[in-house]
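Questions regarding the structure given below will be posed in turn.
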Amino acid sequence: MQRASVPYFLILPSFLLAAAIILWPLKEIVSLSLHDVNRFGMLKDFIGLEHYRSLFANPDFIAATWRTLFWTAAVVIGTLIVSVPIALILNEDFYGRGIARILIMLPWAISLTMTAIVWRWALNGESGMLNSALRDLGIINTNIQWLAEASTAFPMQILIGILVSVPFTVTIFLGGLSSVPEDLYEAAATEGAGRWDQFRLITLPLLKPFINIAFVLNTIYVFNSFPIIWATTQGGPANSTDILVTYLYKTAFRMGRLGEAAAVSLIMFAILIIFTILYVRLAMREEKQ
Amino acid sequence: MAGLQIKQLAKSYGAMNILHGIDLEVRDGEFLVLIGPSGCGKSTLLRMIAGLEDISSGELWIGDRLSNGLPPQQRNISMVFQSYALFPHMSVRKNIGFGPKIRRESAAAIDAKVGKAAETLNLHDYLDRVPRQLSGGQRQRVAMGRTIVREPDLFLFDEPLSNLDAKLRVQMRTELKALHQQLKTTMVYVTHDQIEAMTMADRIVVMNAGRIEQAGSPLELYDKPVNKFVAGFLGSPAMTFIPGTLERGDGAPKVRTDNGTIIPVGDTTAASGQPVEIGIRPEHYRLAPDGNGFAYHVEVIEPTGSETHLFGTISGVAVRCVFRDRLAPEPGTQLSLTVDPAKVHVFDAKTGNRI
Amino acid sequence: DTVRVTIAEYSKGTGPYFEEAAKAFEAANPDTKIQIEVVPWDSLQQKLTTDISAGANADLSIIGTRWLLDYVKEGIIAPLDGNITPDFKARFIDTFLTPSVMDGKVYGLPIAASARAMYYNKDIFAKAGIDTPPATWADFKTSAEKIKALGTETYGFGLQGKEIETDVYFYYGLWANGGEIVKDGKSGLDSKAAIDTATLYKSFIDGGLTQPGVTSYSREDVQNLFKQGKVATVITAPFLSGQIKNEAPNLNYGVAPIPAGPDGGKGTYGVTDSIVLFENSKNKEAAWKFLDFLFTTEQRTKFDKIEGFLPVNAEEAKDPYFADNADLKVFTSLLPNARFAPVIPGWEDIAQTTSNAIQKIYLGQGEIEPTLKEAAAKINETLK
Amino acid sequence: MSKKLKRSILFWLFLSPIVVVILFPYAVMAISSLKSATEVLNPTWWPDELHWQNFPEMWRTSGIASALANSLYVSGLSTALTILVSIPAAYALSRYQFAGRNAFRQFLLISQMLSPIVLVIGLFRLVAGAGMIDSLNVLVIIYTAFNIAFCVWMLQSYFSTIPRDLEEAAWMEGASRTRTLFTVFLPLAVPAMVVTAIFTFINAWNEFVIALTMLRTEGSYTLPIRVFSLVAGRYTVDWHYVMAAAFVASVPVAILFAWLQRYLVRGLSIGAVK
Amino acid sequence: MAGLQIKQLAKSYGAMNILHGIDLEVRDGEFLVLIGPSGCGKSTLLRMIAGLEDISSGELWIGDRLSNGLPPQQRNISMVFQSYALFPHMSVRKNIGFGPKIRRESAAAIDAKVGKAAETLNLHDYLDRVPRQLSGGQRQRVAMGRTIVREPDLFLFDEPLSNLDAKLRVQMRTELKALHQQLKTTMVYVTHDQIEAMTMADRIVVMNAGRIEQAGSPLELYDKPVNKFVAGFLGSPAMTFIPGTLERGDGAPKVRTDNGTIIPVGDTTAASGQPVEIGIRPEHYRLAPDGNGFAYHVEVIEPTGSETHLFGTISGVAVRCVFRDRLAPEPGTQLSLTVDPAKVHVFDAKTGNRI
């Protein structure tokens, strides 16, 4: 009925823009990762997969990879678990809802790095306000050195990660919730569905596409997220909180091994692609059923 | 199973009053039909009974429980929505089986119930489609199915058959009646279909502008409407009214219209000389066998197959008559009609109340 | 023509100072425009890397002198010898110029210089009954134990265990014990001196003589503890005294040399940042002129006063501000023993490896000897 | 009414832990920004003296005013541009079947996957090659490109929930597709557009790495660069100024939230299928 | 204004065939009513005419233009959707005025048109509400309003009155007829209401399962249904069928049912001895004045006010009769009925076609 070219015409601008920021840099990175490169990105000999080989022989890299997967899973799943009930509440009508919405979105108002820096400061062992607050409340009596070792630092970083992902996620969900017609809940309620059943059988399935967006995008963002870990521990002490991005940053800009860094980023890219394609396939198959 | 007691129930949206103190008792096991013009508050009343709409004032008793604040889940009510409210992400099967599923019935039991409902509703071929892929009538049937698989204390139906064809509608009507007979569950049913109302109801409630005009058995309402509104609303085509003056001469009272036409009326409390309006249902006009009835000027003839509808005037007032026979008078001719005086309703010209 | 200058931001005074200097210079040289591009220190390396990789770098830039070799090796930086007259050269205190000399050529000028000494809290020392700052590490430990005995949650040794210069904090002990970072092209981390130092530091930590959780304290953090009187000592640069003046004016502190080792080994850390001229600059002459201007005594004095750096200029050092400053005198007196980061490729790599190893030891996650040996082996790899 | 009150109390109780955690850094920020230079290092919750003058001083010394303007310019413009570009794409995805539809969606996702930290080298070479460094407009375009994927995905999911027959009804009335889009379709998509607008704005508002790489001169710096330079690697950090700056930087965004949140949820309130 | 020509129009969703080659001509200015059971494809056909649904095969001519690929905007068609499709974010006023606004008519002109439509539709009090605040019937009226303010070449109505009460429906029907008379615009109208179909249509098209069963004037369809489907579908309550064998004895043909009941029939081409089914409309039964008709066993009596519905059996077959008079036979009694032989329809027992 329509000229077949219309949709292509419609997606063209976005396609061009997205392609511009990805294709050219991607080509650069690929060639960096296959060459011996000086610290300023000048290509020397072609060395094939040498960078990859040395990476996979590096226990720090392997450890960082596993940690990254854990970090991503923990933050993303934690975020979703926290965000769904919050979004549901914020979608209800109650006194102070507007304020509550603003409050929940507030962590977004300051850049991630700034938030992370404030947290780093608040987590300081001796002059951090978290310890002093906890002491005032009588919860602890000796200061906890939050960032001194991974066992306390990493959970805190995950917590911060969740905290700063919540606004984004809640906002997506709110947008999604607004598309569920009210009478479906009414019908479900008269059929005897309690709040939980309504949530399980109506809200959740209708929110599915939005949960999928939140899940996929959060995964990508968290997987690539740099500031929280960098600002609090720079991946330390002794690489024990390194994730792939911080590892990559150090490799690239501290050590000046751009080739290896490019290889790291391509490996990260591959992990993400495999993950999302699997997920998107799965989600779409479900949608079709 | 439960009856309903509604006391001075009122509803307002902001400053707008939609229901002005409804008093109504629905007996346990009764089939109650709500009718009234579009926008008079039928759906609103139903939704208040279901617990979907806050009660502005008054009391709602379900069984012997004051239920004003009870959430809908706890009322054990089943309802067909005027908007259907089908779950767009569920197949027809899942939509119909929703209630039993919530009640954690076994898969086999759910299957059986859904199967039975689909049978009744002629939906077996569509069980695996989603609502988006259904026609309007099919959707409505799914909404109906979702309701009838349950065994609630109270059924609420909001125009559940409006999108079905006549044949299916008759069939569904019978099924619903049978369901009611079998379950003896109280049912409150909103409809615009006169026949539905008349044939299904134990009692009909006529609403108008947020008030109850009359409640009673179908024939009571048909035969003895308390006022012009009920008289005019019930029956299709509607009753027409002719103004005139009551005259009690020798014995039988009659009404003299503005141009002097005389129409004999039955029992009435009206005083002689009182201005009245008489109402006659279109189907009660008969051709005067001997030509000595009152004059009817035919203007338009509309055959419907089984009947013939005539449009014309009596004493200058537009009047529609319906004849079972297929008549074919020329437009412009004059017929002589009579009406059984017992079938002429007399209303006070001022208040509109039956007298 | 325009000369673009990338400036690392040391403090809030940095940008304004250079803007002002640029204006002054432009006033004197109307046909040259100076464009100052201020970059936060932490992002400097990244910025330089991207800039250079795209050939969009400025004409002049501040860089850490310790990175210089890596840059020179790539042929990115232009030697300045052609412009340097003996006169010009004579302006500098030699110690600070030498780190920028490679293969006999001057590749950068020391824009910022500093050294390290030990700040100590006189009040705490007095409370613990200590009269003089510790001269040796053994003394230091005894003093720290006395301070611990006060039981006031104050600690004798403010030990840095996180982020930039974590390794340097370790070198203080290493040098005192007679060790070297690199000796004969091999890492000194597996030497006896290194092992002794690690053992010593660890004994401080285990004895509760340092603040708890050292691996969560960066240089800033330890300085802050010192300002708050929570640690009795901190080893750091001259600029701390400036901060104390502003933020903790009541703090009663002194500055002393870093403690010596059992054999009298001593060492402070000297640091310079260099300003370099890029090989691809199209305005080398104008750029040089600006450099010349920046290194006049007047400009140097102004800058070092703002930032709290040590004078690199001999004339400047005579300025009463530097000459009569008790704190600074300690630093200048230490300069003869000052050691600079060795001129080796991959310095950051080595520093990182060292930091990691030390952090592991501080945390008790690795036996001292094997951890150091492993790190040394890794460093030797890099050095090859 | 009292039902609503009860509900409100319950909800706030539930929200309170998260609200406390969210507000914690803000409290730290707010309190620290009012402390004096000497006091700022002490973890006290209530300063001895409120140093309001921190704000004007910070304003004067940090050059935050022009940064604020730059950030508003970049964020505002890239938000507008992103939405402009995303709407047609999302519309095409939700209303047309065409070959390559899924491929395009996945491509968009893939465009998000490379960490900006790496991407920046390649991007910078591209921009430098075009001789366009130090331009805020280049930032606008890059930010737009970065946000397209999210916006298109989000809008598309939402568009799919808008009943088709509304559009059809408009067409029947003679409205062209474009006209329908603007008079019928988009007004119903307001919540989704608000979400994407907030998202794009925030991303642009907070972005650091790319801005740092692309911008050169004081006059063009955006807010994050300004605020970070107060902390990042200086020998001494004036925490009270940093906190004051961070606070000031978050105010415009908070105002934006306050204004937009009301548009966020506006149920379609159309029956499921009727 | 334009007629329609539909040639072999087919529609399928994937492998599912919904319309199997529809051939239909709608004359310019004609009022065509489409009826058929729920799900038979009426809405689909309408949507194809409107250009909202792709045409799988066949040709659609609007006026003298082949319009298969023409976008809906360029067809100048106005349509009432079964789902109403009101714009939820616009007031009633804006909804109704949408079309003229799109056509850039002056504000005054729009106002006037909206005012007039609101008048007709009884909507003046609701002009500033949004659809969410309306009752079901009010929504439907708004949908109607949006359509009638325009002057398109073709009107399409998809069950536009199904949610209105009888009175309003009659009124709307009249208005629509008047509109048609006045504009003489072609109208295609889907309904489930028999009376609507019979009274409004110039021609009725009966569809079933994606095919046209019969097209013709209302009385043609009522009097001479071409097959059992049309006969059973049209008329409410529906015609019932009684199987039997045709017998041509002396003169008038009659049918002998299974239990030997004899029912005289009118003209038929059926051969003597041929197995047939006869169809009789419920309203055509008469009480045999002299008791020598055929036997009817009464089971249930259902008075509707104006009529009495009887359920019972003739020759063991369930048959419903409708009498205009208020009868009150006891269940279980036996009545003697007759039917005018000309009103008995004879169908081939195998094919179901009229013979």
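Just so it is clear, A, B, C, D and E label the chains in written order, and each chain counts residues from 1 on its own.
In this text, a contact is a pair of C-beta atoms (placed from the backbone, for glycine too) under 8 Å apart; a residue touches a chain by one contact, two chains touch by 3 or more.
Everything quoted here is computed from the prediction, not taken from an experiment.
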Legend entry - Required minimum of steps from chain B to chain C, each step between chains that touch: 2
Legend entry - Top chain pair, ranked by how many C-beta pairs fall in contact: A-D
Inset, instruction - Compute the distance, rounded to whole Å, between the mean C-alpha positions of chain A and chain D. - result: 16
Legend entry - For chain A paired with chain E, centre-to-centre distance based on mean C-alpha positions, whole Å: 59
Inset, instruction - With chain centres taken as the means of their Cα atoms, state the distance from chain B to chain E in Å. - result: 21
Legend entry - Interchain centroid distance [CA atoms averaged], chain B/chain D, Å: 56
Inset, instruction - Send over the residues of chain D in touch with two or more other chains. - result: 41-42, 121, 125, 228, 231, 268-274
Legend entry - Where chain E touches two or more other chains, by residue: 51, 71, 83
Inset, instruction - Please list all residues of chain A that touch 2 or more other chains. - result: 2, 41, 124, 127, 181, 183-184, 206, 249, 252, 258
Inset, instruction - Report the residues of chain D in contact with chain C in the complex, numbered from low to high. - result: 37-38, 40-42, 61-62, 120-121, 124-125, 128-129, 133, 209, 212-213, 216-218, 225, 228-238, 241
Legend entry - chain E contact footprint on chain B (complex, rising order): 13, 35-39, 42-44, 82-83, 126, 133-138, 140-141, 158-159, 162-170, 192-195, 198-199, 218-219, 222-223, 232-238, 281, 283-284, 302-307, 309, 324
Legend entry - Of all residues in chain D, those that touch chain A in their complex: 4-5, 7-8, 11-12, 14-15, 18-19, 21-26, 28-29, 31-32, 41-45, 85-86, 88-89, 91-93, 96, 98, 100-102, 104-119, 121-123, 125-126, 141-142, 144-146, 148-150, 152-154, 157-158, 160-162, 191-192, 194-195, 198-199, 202, 205-208, 224, 227-228, 231, 239, 242-243, 246, 249-250, 253-254, 257-258, 261-262, 264-272
Legend entry - For the chain B and chain A complex, residues of the former touching the latter: 47, 50-52, 71-73, 75-79, 81, 83, 85-90, 98-99, 101-103, 146, 150, 156
Legend entry - Residues on chain C engaged by chain A in the complex (per definition of touch): 45-46, 49, 52-53, 70, 74, 76, 161-163, 211-217, 221, 224-225, 228, 230, 346, 348-349, 352, 355-357, 359-360, 362-363, 365
